[in-house]
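Pasting the structures here.
Shared chain: subunit A. Partners: subunit B in the first complex, subunit C in the second.
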Partner chain A sequence: MKKRIAVFLILVLLLTNSGCWSRVEIEDLAVVLLIGLDKAKEEGKVRLTVQLARPAEMVGGTAEGGRSTKKAVWVTGSTGDSVYDAQQNLSMHVSREIFWAHTRAIIIGEELAREGIAPVIDFFDRRRDFRRRIGIAVVKGEARELLEAEPGLEKASGQVYSGLLVRQFRHSKATISDLRDIYEMLTSKGIHPTTSRFELVKLKDEKNTKKQPKLTGTAVFRDDKLIGWLDEAETRGFLLLIGKKVTGVFPVKCPVCEEKNVSIVLTRSSTSIKPQLVNGELIITVQIKAEGDVREQMCQDDLSRPEIIEMLNQRLAQAIKAEVIAALNKAQRNYQVDIFGFGEVVRRKFPKLWQKIEYKWDEEFPELPVKISIEAKIRRLGMILEPTTKP
Partner chain B sequence: MWLLITTILSTAILFLPSIVVAEAKQDGWLSAIFATFVGLLVMLVVSTLGLKFPQQTIVEYSEIILGRFLGKIVGLVFIWFFLHMNAIVVREFAEFMVVSFMPETPLIVFIITFVLLSAFVLRGGIEVIARTNEVFFPVLILLVIIVTILVAKDADFTRLMPVLERGISPVLKGAIMPSGWQGEIVALAFLLPYLNRIHEGRRAGSLSLLIVGFFLVLAEVLTVAVFGAEVAARTMFPTFVLVRYISIAEFLEHLDPFFMVFWIGSVFIKITLFYYITCLAIAQWLNLRDYKPVTLPVATITSALSVLLFGNITELVDFIAKVWGPYALSIQLGIPALLLVVAMLRRQGKR
Partner chain C sequence: MIRKVFGKLISRLVKKESSKGCDDEAHLLENIENLDLTADLKANLHRIKQILGDSPDVVIRTCRIGWKQEICVAVIHIDGLVDKSLINEDVMKALMLEVQMIDRKENLKGKHILEIIRDSMLPISDVKNVKSLADFFDSILSGDTAILVDGSDVGLVVSTRGWKSRNIEEPASESVVRGPRDGFTENLRDNTALLRRRIKTPHLRVEAYKIGKLSRTDVEIVYIKGIANEKVVEEVRRRLRRIDVDHILESGYIEELIEDAPLSLFSTIYRTERPDKLAGGIFEGRVGILVDNTPFALLVPSIFAEWIQAAEDYYERYPIGSLIRLLRIGALLSSLLLPSFYVAITTYHQEMLPTVLLLSISAAREGVPFPAIVEAFIMEVSFEVLREAGIRLPRPIGPAISIIGGVIIGDAAVRAGLVGAPMVVVVAFTGIASYAISGYTASITMRFLRFGVMILSAVLGLYGVMLAVIAITAHMVSLRSFGVPYLSPFAPFTLRDLKDVFLRAPWWAMFKRPRLIGHNEPIRQDYFLMPRHSADEEDEPVHERQGYDD
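Here is the complex of A and B:
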């Protein structure tokens, strides 16, 4: 008899307890793919835009021609006194529980970024459902427009962003930052933040005139306020300087026929940044080692001789140096912010010195002498030696 | 031995890193090493006492060493200590669950569930506890190793430089708290009599401390290497955020639930063990024949204490960061040391 009571109790418990207090069924979820933050038209308010997935419409790889009856995402937004306020207000017209954990990126509108991102970023770190790996980017213009843009290839622009961010390594002409990087850059006195930059562009070869998002360049901040941009060449120089993995094509003049170019692709790069004290003065020495392959030549010159390669090495080194110096100048002269983290490097090697100068690092940085030396080696020419197009 | 490791490691790995880094910044790993030494010291004292009075727990032999009256007081202190510590651990656990996973669930649900479950398990005796642990422990260790490997690509070890940036005192200050944790090895004072081979106790204790120490150092190093010292210090549960950060080729993500399952298991072991010790201590103190009748009253007191001790999470964190270290150490190290000295002076116990 006792046994039966026990079994009965267990059954009852199992049936009634298959769930927990905070559970939400999956059909009740509104999955957020992208977040956009802008300044609202009303003073002092924030506009939060979210791109919500419509899972049923997302089946299938690419967008259909012009036949799409229903869009794969729903873009909607709301305004509030703060990000959290705006988020609560979303529930006034979003009929499901908003689920943040699949967010791919946070896009911040230019106007809001110029005023400072610190107030809006706090929301993301305090909440438990945002991972620190979410990308963060600034868009030239309004974030809302970017979220609303209809992508050409993917079903939803949320996938466009993660795709673009993942493929960045192909061109290295844009910076990538995630939340973890931003927090670190914001709390450190030795570096100012940088993030990716998006633009909505009209692609000239498209028949339809809708704008597409393009990942290009870098957004430069002073503390938490946006102050400017680095263009594509400067961005590559910047990335090389801070030692990120850089690939991408460097066109270099052909040795003989100098009106045409040879395209060299970087396969490896490594950077070492060393602070040094020379006669009591602080200099930063940057050494970049790069390796590349010849991928394409527009001219008919025979490149398969070591002396020619040596010449190309020099030219490659110069091309790299030009981009690096462009980035350095922009940071030191135009913007006067240390985005490379030289301050951090000094702190790690000369902590006592850093303790003395950290409070005035923003004034020291523009005058800081930086020695750059680049070593470039071209390793391979691809599958052929002399061009097969030569008569 | 495994039991000890699980016990100490389970809460340490989650709460410690941020508090230690706040104090010692990127030298947190050095603090962890110091703490291990302190733990070893505690273990030395406790195991020596255990060898002198085999078959007896600290409640029993303190009466012999100090006489009935003072000995009873010592016993009472230990009873309180383990009760208090248990309530804190339960609270820590409940807070973590609420903050990280289920914000709407009231704390008390977690607290009561866990305490009742513990009560149920411990009625089986210490062997049951140890065997349950044998299930969780290997997986926990494996998980820690896997997490380390997966996170390695995001770690930049230059973030640990410069070493000793502000000198050695932040490291020492940062070591106080983890010492309280490593000092939990004092639980050995209650377990030694029940080991089949007492002399193994010392070896098991030292090994546990070293292994826990190693993992603590690892946790400190990883959290700083991935997030940077400043950010790590401001994060509430850095190891948890670390697990969330793992992403391999956009495919292997959202691993936190795995981590959670086994971490919950290991915290459960810890709570059950301390609960067991509390009950055992009370039973011996009252000269009862068996500890089982005491379990339910202790459950009630533990749950109540858990809720009442702290008004909000900042009180909890503050307590752990500032009060716990010295308080725990004085009981873990101070009292056994005192007992040992007196026992040696009075030439008591086996040689």
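Here is the complex of A and C:
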């Protein structure tokens, strides 16, 4: 009998002593929507800025009584010797438990990024709170400013960033990388990291002089240090080259009148990157197959003729090639970093060769011959065959 | 272990309670089993009066019949239990007016007169001899009329039962949209008749028991011989025979006295007031237990899956029945787990919520004074109180109080900032979900368990919910109902029986009875019953099909 009771107690204690212990009531949480990291004014210190949601103001509507005049979010920050230190210091003036799991994105200021991001993102890798799918972006300027920017549509700019990142496929004029991508790219020697770039811009048609965040282009890193940017066209070429889905508009001149534009939207593209050894020399062959639809025709010419379509195909291929080459040139000539992951491809195909050239890949890359061939095809003309008005 | 402790405690209590007072009448009562009727009518009547006392509803009519020799006869019955017109028209008339039967012969002794009365005079079908006093009392107290003749130590019992009883109505606790509307009543004979109307096979067996030392309640077990497992029937008989209580007022008494797991929250005996449900079970090979004075019949063996089977599933077309059953499984789970999930996720696992939902719950809870678990308990308990009050209240004000309680108190509590609105939604949904389960007993069990799971979830988070689910499942696996594992067909797993658990297979696909219940005669029907066009049917004449009966 005594033995039975003992076994029973041991069983109960074993089962109940583990499990979840960190009980926090939901209303005691300060939900972080966005994190900004900047270089602090003091040497060697980090400034951490967080955007905290004010639940009642965020939800609005449902709360009884008069509308509060408080903003939906509270942007506050602290500095510390490390990110963790700064994070602890936050608790000195934030009255609730800081809750990281709902962070939408981590924004890193340009100055800090140029010094290297590896030291500051270790914190996010180590903690269980952060999802690996949250976006990471570099802002031209200070991250704090971006967090404080007042959003045009959303209640909190945290929602703006996630919305912009999700809708990148609408234009393909910016790169997006999440935490996991960055960790992967940092670990590998055959690729240098790239991620999204934010800019604060004054929108022309707004009377409001406040700046709005804009997702544009690509931030290029050498290892963990920011070294420069790709502009919008280069970004599109870059995305095509690495085989990401690109759905941008390519306006090409109409082959008949040579004056007005025909807008072609890429609907599908596939890229194959093949390393080859020709006479002991490494050559990269890139083959891009793209399909597009005609979405707009500003001239009045008849596009239904096959030879015209064929000419359009070639022009589309040229337009694509121009952007791809622009991206390639920027990486090889200006920045001299392999952001395309050619090194990775070589490692997979010629593992022994890679072992020999791994340490000097950064020197080899700028001289690497890259052959680009592009096949473009127009598939659909939309719901009309001919323009509605004849000249 | 628990059983032993309980057993000792109970037996100790019982010993203290037993009194030793024993007067003359009590003595007679105790010995009633061993007494027989005597040939002396006066002595018989004296003894009967002594035992029955001076009750005004006991009618003892003595009369003399016959012209040539006057023979003393007594007619005894209990007023109110008998059909008076039947006694007056048929019994008394026969005795008093049909005297030429007796006058035809001379020098008749009491015994012969009794035979003549029984064989030639009484125009009533159900007439029996009675010898012992115990049988005599059982009969007249059940509404029969006894005829005692001077000089005969055997009496006659004439079935004259007829008392006011409720009409057959729609069962209140299990109503259906489609399906038969009759329900069991308090009258046992009506109930067996309702069953007989559905089961016309001559193999239907009804076995009668009288249980309860004082109440002498009629209990009958019903099964189909050949289909029901004889071992289960024997087990039911054995368990019924060992019942030795002084009264049975409802089938719940029987249920508690014969169930397999008397200390479990789960009921291992199914109860219903629908004759079609009971008949359905009997057709599967189960044993029904009918108890007098209650419309609730019992059905054994019972499995957990029955909680999600409603009568209507079988009457609506099978896709509808199947979908509704899936819905009911969801309701069953949420009635057990939903508040715990809410508490666990909002206090431990906030990262699992979508951001906007997190913020809106957080906004609703700002200013709520209690932690989520206390809030949940307040709301759940008040819902239970409301529900209980709604049942006990006099019928006309019941719904009104429910509305006041549900709407006004719920809304007011949110406005006053005592509870958050999401919690009201959760509790209301849970409350409603618990009624989607078929069977009131099941929903009560779920409601009780819910509180335990809630405490665990508040202390240990989702891990606690998991622990609770594992503990409940382990307990359920250990249960058995008359030899059938409670969680079958999941454990032990029987693929073909799942056709009647998550889904309800069409009737033409239910070839076999449940494996563990109906294995005596596993095949229910033949295989090719799916309706087809008559043109297709010609290829395969009906009589050539392989049926079970061939």
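Structure notes:
Note that in this section the second predicted complex is superposed on the first by the 360 of 391 C-alpha atoms of A that agree within 3 Å, B and C clash if a C-alpha of one lies under 4 Å from a C-alpha of the other, contacts with A are read in each partner's own complex, and residues count from 1 in each chain.
Heads up, the rule we're going with is that contacts are C-beta pairs under 8 Å (C-beta built on N, C-alpha and C of every residue); 3 or more make two chains touch, one makes a residue touch a chain.
Note that the structure is a prediction, hence the values are computed from the model and not measured.
Ranked by how many residues of subunit A each touches, subunit B and subunit C are led by C. Looking at the shared chain after the overlay, A:101 reaches both subunit B and subunit C. By the document's definition of touching, neither partner reaches A:278: not subunit B, not subunit C. Look at A:133: by the touch rule set out above, it reaches subunit B but stays clear of subunit C.
Overlap of the subunit B and subunit C contact sets on subunit A: residues 20, 22, 101.
Those residues of subunit C whose C-beta lies close enough to touch subunit A in the complex are 1, 344, 346-351, 355-356, 358-368, 371-372, 415, 421, 458-464, 467.
Subunit A makes touch with subunit C in their complex at residues 1, 4, 15-16, 18-20, 22-27, 29, 31, 33, 53, 55-56, 58-59, 62-64, 99, 101-102, 104, 129.
If you check the complex, the residues on subunit B that touch subunit A are 99-106, 109, 154, 158, 161-162, 165, 226-228, 230-231, 234-235, 241, 244-245, 247, 250, 253-254. The touching residues of subunit A, when paired with subunit B in their complex, are 20-22, 101, 125, 128, 131-133, 162, 166, 180, 183-184, 187-188, 347-349, 351.
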